[in-house]
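Take this structure first; my questions come after.
We call the chains A, B, C and D, going by the order they appear; numbering starts again at 1 in every chain.
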Amino acid sequence: MSSEVAPPDELAAAHRAGRLGWPVERLEKKALEIRRDIVTLLSKAQTGHSGGPLSCADFGTALFFNELNIDPRNPKWPERDYWHFSIGHVTPVIYSLMAERGYFPLKDLMKFRAFDGHAQGHPSTHDTPGIEVSAGSLGQGLSVCCGVAMAARIDHHPRRVYCVMGDGEQQEGQIWEAAMFAGHYKLDQLCAFIDYNRKQIDGDVEDILGIKPLADKWRAFNWNVIDCQGHDMRDILRAIAEARAHRGRPSVILAHTVMGQGVSYMADDYHWHGKPPKPDQAEAALKELGTSYAEWSARLLAN
Amino acid sequence: MSSEVAPPDELAAAHRAGRLGWPVERLEKKALEIRRDIVTLLSKAQTGHSGGPLSCADFGTALFFNELNIDPRNPKWPERDYWHFSIGHVTPVIYSLMAERGYFPLKDLMKFRAFDGHAQGHPSTHDTPGIEVSAGSLGQGLSVCCGVAMAARIDHHPRRVYCVMGDGEQQEGQIWEAAMFAGHYKLDQLCAFIDYNRKQIDGDVEDILGIKPLADKWRAFNWNVIDCQGHDMRDILRAIAEARAHRGRPSVILAHTVMGQGVSYMADDYHWHGKPPKPDQAEAALKELGTSYAEWSARLLAN
Amino acid sequence: MTATISLPEKVEMKKTREGFGRALVDLGEKDPRIVVLVGDLSESTMVHFFAERFPERFIQVGIAEQNMCCISAGLAAMGKVPFFATYGAFASCRAADQIRVTVAYSNLNVKIAGAHGGISVGPDGATHQAMEEISIIRSIPNMSMIVPCDFWETYKATKAAAAHVGPVYLRFGREDVPVVTDEHTPFTFGKGEVFAEGTDLTIIACGVMVYEALRAREALATRGLAARVVNLHTVKPLDRELIVRCAKETGAIVTAEEHQVNGGLGGAVAEVVVQSTPVPMELVAVHDRFGQSGKPSELMDAFGLRAKDIVAAADRALARKRAR
Amino acid sequence: MTATISLPEKVEMKKTREGFGRALVDLGEKDPRIVVLVGDLSESTMVHFFAERFPERFIQVGIAEQNMCCISAGLAAMGKVPFFATYGAFASCRAADQIRVTVAYSNLNVKIAGAHGGISVGPDGATHQAMEEISIIRSIPNMSMIVPCDFWETYKATKAAAAHVGPVYLRFGREDVPVVTDEHTPFTFGKGEVFAEGTDLTIIACGVMVYEALRAREALATRGLAARVVNLHTVKPLDRELIVRCAKETGAIVTAEEHQVNGGLGGAVAEVVVQSTPVPMELVAVHDRFGQSGKPSELMDAFGLRAKDIVAAADRALARKRAR
């Protein structure tokens, strides 16, 4: 928990032009739509990751529709905040967030991983407008964000930097190099999310290679650690605000989530890490999410 | 601190055939000789590292002349303990310990880094008998030791595994991968030393990229952390025994040392990380160490 | 050795990596020194067969390729025969320094399995399409490297890797690929195999491109052109003798690989050719660009890695041969 | 371009990496976007000049090459022009995955400085003698790479790297090496320079081997043989046109590099030669073995990287040219 309170200039910065600042109810509605997008595009592509994208959907929505100061029509807007998903495999949620926020048409989602689309299996700078740095090899993103934060420091720029990591990804040593760096340089404009869904490809993170006690690790690397309920929008906003207000250390939000959240048969099952729902499974999922493939794919294709 | 006490079978194992088990006074005398070797061979070679080797000299001596169960005349003795210096640049102390312990003649030290000698600038498996795995790129050694410990586990072998790391080296992410692995697999036959001399090439570790709080980091990676005075032989033996007795977690000994320890003008000065003393400087150093270049080089060449 | 291969119209399809997974189990049965490590990709690399059969000799390392490589080195130093498996992009690049310093410089008996090599990895896109492995591994002393062409050859290559003392890198693809060899096709580590005789030119291929080369040969044959097809599965150490012989006997060479053109199989062959028997060569490969998402078949077409591309290259090579 | 270089008997000796260190300061004066990063090797890589002059644009990363590479990517994404420096072994290998995925695939404007390339690194031994860099970097799309031959060329290469938009790898040595160019010798990124004309064969070299090539030319001249000497500092993108021209005009090529023979400069040239004008080539390089400790001069002798070795290779190439 932060022991300090944001000074007025920071609060002003927090209400910059490119922030949507949506209220909880609206965010919850958008998160539901994001989940529909994810299932629909995966069903269409019949390739891609389901589990992680669904666990990231709520805090992802909070970032894109409340917190981030961005201009999707001008992705290189100099005043922008920087966001980066170090877990490149969660492109279904990344692209859904981007499309819903206006970086590119929703219909592009229906060409996910397709030869003739821009939406690559892993985020690609030169294919998708708004992707600033490619990703897909785990463990590299927090370092990229350290570089962005250092650039902001050199330029005395108030840019905030948000990085999304996985919990399995914590096993990569480079994460701890970046953690040590950000702690040393007290990069308090940097805020990392960990999608703490307790699963990775081969099973439970604690069975594969345990990362506990994770909060102690980050504290020992001189970070401000904030726990949050990763599917409770109010708690997510509280955590983000706390991170934003914290001075002198970078913040990491341990977002306690459920892999596959929102689709009953996927929830908490690591087998859904890397595969898409088959069309009939997608239909069932979309029903749970209050729509149908026909309805939702039509919405995507029309926009 | 260990909360458990070694059971009798472990104490027996601790007195195996290849252990010298020298008492403190004899170790202190040998450590002095090791320092003389280091300065002499560096003076001869006029290339190589002074600072780290001198800070490792005391706990290195404790390992080689008290603790390690090895047979230098039969480096591949199946019953052997495994030792590994992850900081490959401290070859002056590695080779001195090896030669003094009998792996090869002392006179080989006088061909340190020479074209026609085996004593490579960094430890080389195929050049020097007793070097089991080459080193020189920082951060890799603890992983190697994890592999050795896993092999022992598969074979139900009581081999103990000792790894020496640097404090600057803690900045390498691979160290934390190995730390996480050893913690997860509870590799309690593994004991790591950190030569905590607070210096690296470009300056003070805390200025370059701070590693504090180091004990907290290792604890958060599920290791048993033991602090020790790295130039106090009694305390070193205490720490090693504690590590040996500990069950259920790997142990790391934070050996608080002084770079260049034993040579007044080198002590605590990072400029001595990577250079040898000039001949006149070496003479002064050897005088402090109670000998002369003529005397000590003659001893080395005669053996 | 010559093992004349002729393809039926419809060829059975099977994954190379499955040959790896199966061979590991068979190796494990006979040799207690075999240990298998994986970086959170048990099923993709098909080491799960071994894991189920020999849980006590299976080590899950998590997502930490550098660590996995050096753990393998430690195991090898203690007499084990470790195979570590991950995607080729991460095996060759993320652990490059560890391969160079700890494994290769120590010449330890570590076997490296890189799954998902090549553009045919498909929808995952560029980051996961490893196409620099041959160049990287070939440059490191003491390393050997095999790029098997199908299920059966992967099976044999895995066993050959275990039998060879020293570090070996094995490269597999992701998809089902045509099975062009069978259980009895000869396979010798370090030796290329002449899969089909011919005198007009030689097509030297590795991996899935061996199939494309055989198809290209058929197409050329309809025009009265006799292409020799060499399966150069071991890209290091290189079968120099065979390459020189092909250059001498056929006077033109086309190489075919699912890999970057710079420093790959084509480069390796070119180095031998210019130093022995300079003849016209054409290199069928990925021309120094990153991959992208798409269906494997779309990508093989788009990146020019088909029989027809080999045929076109053969025509260019033959024209140059005639013009000399 | 031709910049006829003739060597005095006694040549001035200077470190290439010093040219890098000096150029960074001059770049920093003019371009506020220049940022320099180092991994605990400020003096060895000579970025300490920059650090003293522009402390606010200097970032000490500690011993964490992977992190340093990706931090540079983040800086570049924000419009900075980052140069990161460490030893070549660690720049090319420890950060290979980061270079491939984050820097090159994103085509970010990151400049990578690998100090201590080659066997002439001397007493530190094999681990620190980077000799796989050309093979590795050349295989990665979007990467460029320069291997300058002396102090002045390193100075110019560093400025050229800053001027080029996209990732560039610079390779330096450790020791004082002969200064063969001066402030005014032409240097164009991506273009080889003919340093001396000749018609009997061409010696194509990079790095310190350019000096050895010039000395070899003198030795050959005493026997009436006219060797052309090309300084191919930019090993990627390759000056294909010049290579083809040399092959055509002189009919034989010797390459010379302080690097592994597999996939290096020689391999790059061979790939062009076989695809255009197959002529006899000989490759002077390190023949797939690790380095060792010793004095730089002892090692250059022992590993066959001297003018006399180039002369011997030239004789072999010429004999083969004549025998055709």
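Methods note: a residue touches a chain if its C-beta (ideal position, glycine included) is under 8 Å from a C-beta of that chain, and two chains touch if they have at least 3 such contacts.
None of the values given here were measured: they were computed from a predicted structure.
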Third chains touching both chain D and chain A: B, C
Farthest chain (mean CA position) relative to chain D: A
CA centroid of chain A to CA centroid of chain B, Å: 44
Between chain C and chain B, distance of the C-alpha-averaged centres to the nearest whole Å: 41
Between chain C and chain A, distance of the C-alpha-averaged centres to the nearest whole Å: 37
Separation of mean Cα positions, chain D and chain C [Å, integer]: 30
In chain B, residues with contacts to at least two other chains: 124, 134-137, 139, 171-174, 177, 180-181, 184, 209
Multi-chain contact sites of chain D, meaning residues that touch two or more partners: 61-62, 64, 66-67, 89-90, 93-94, 97, 100-101, 105, 126-127
Contact graph of the chains (line, ring, star, complete, other): complete
In the complex, chain C residues that touch chain D: 89-90, 92-94, 96-97, 99-101, 104-105, 126-127, 131-132, 135-136, 138-142, 236, 253, 260-264, 266-268, 270-271, 273-275, 278-283, 288-290
Chain A-facing residues of chain C, complex: 38, 40-44, 60-64, 66-67, 89-90, 93-94, 122-128, 292-295, 298-299, 302
Contact set on chain C toward chain B in their complex: 35, 56-57, 59, 61-62, 64, 66-67, 69-80, 82, 97-98, 100-102, 105-108
In the complex with chain B, residue positions of chain A that touch it: 139, 171-177, 180-181, 183-184, 209-211, 213, 216-217, 219-222
Residue ranges of chain A touching chain D (in the complex, touch as defined): 82, 124-126, 132-137, 139-141, 143-152, 154-155, 173-174, 177-178, 180-181, 184
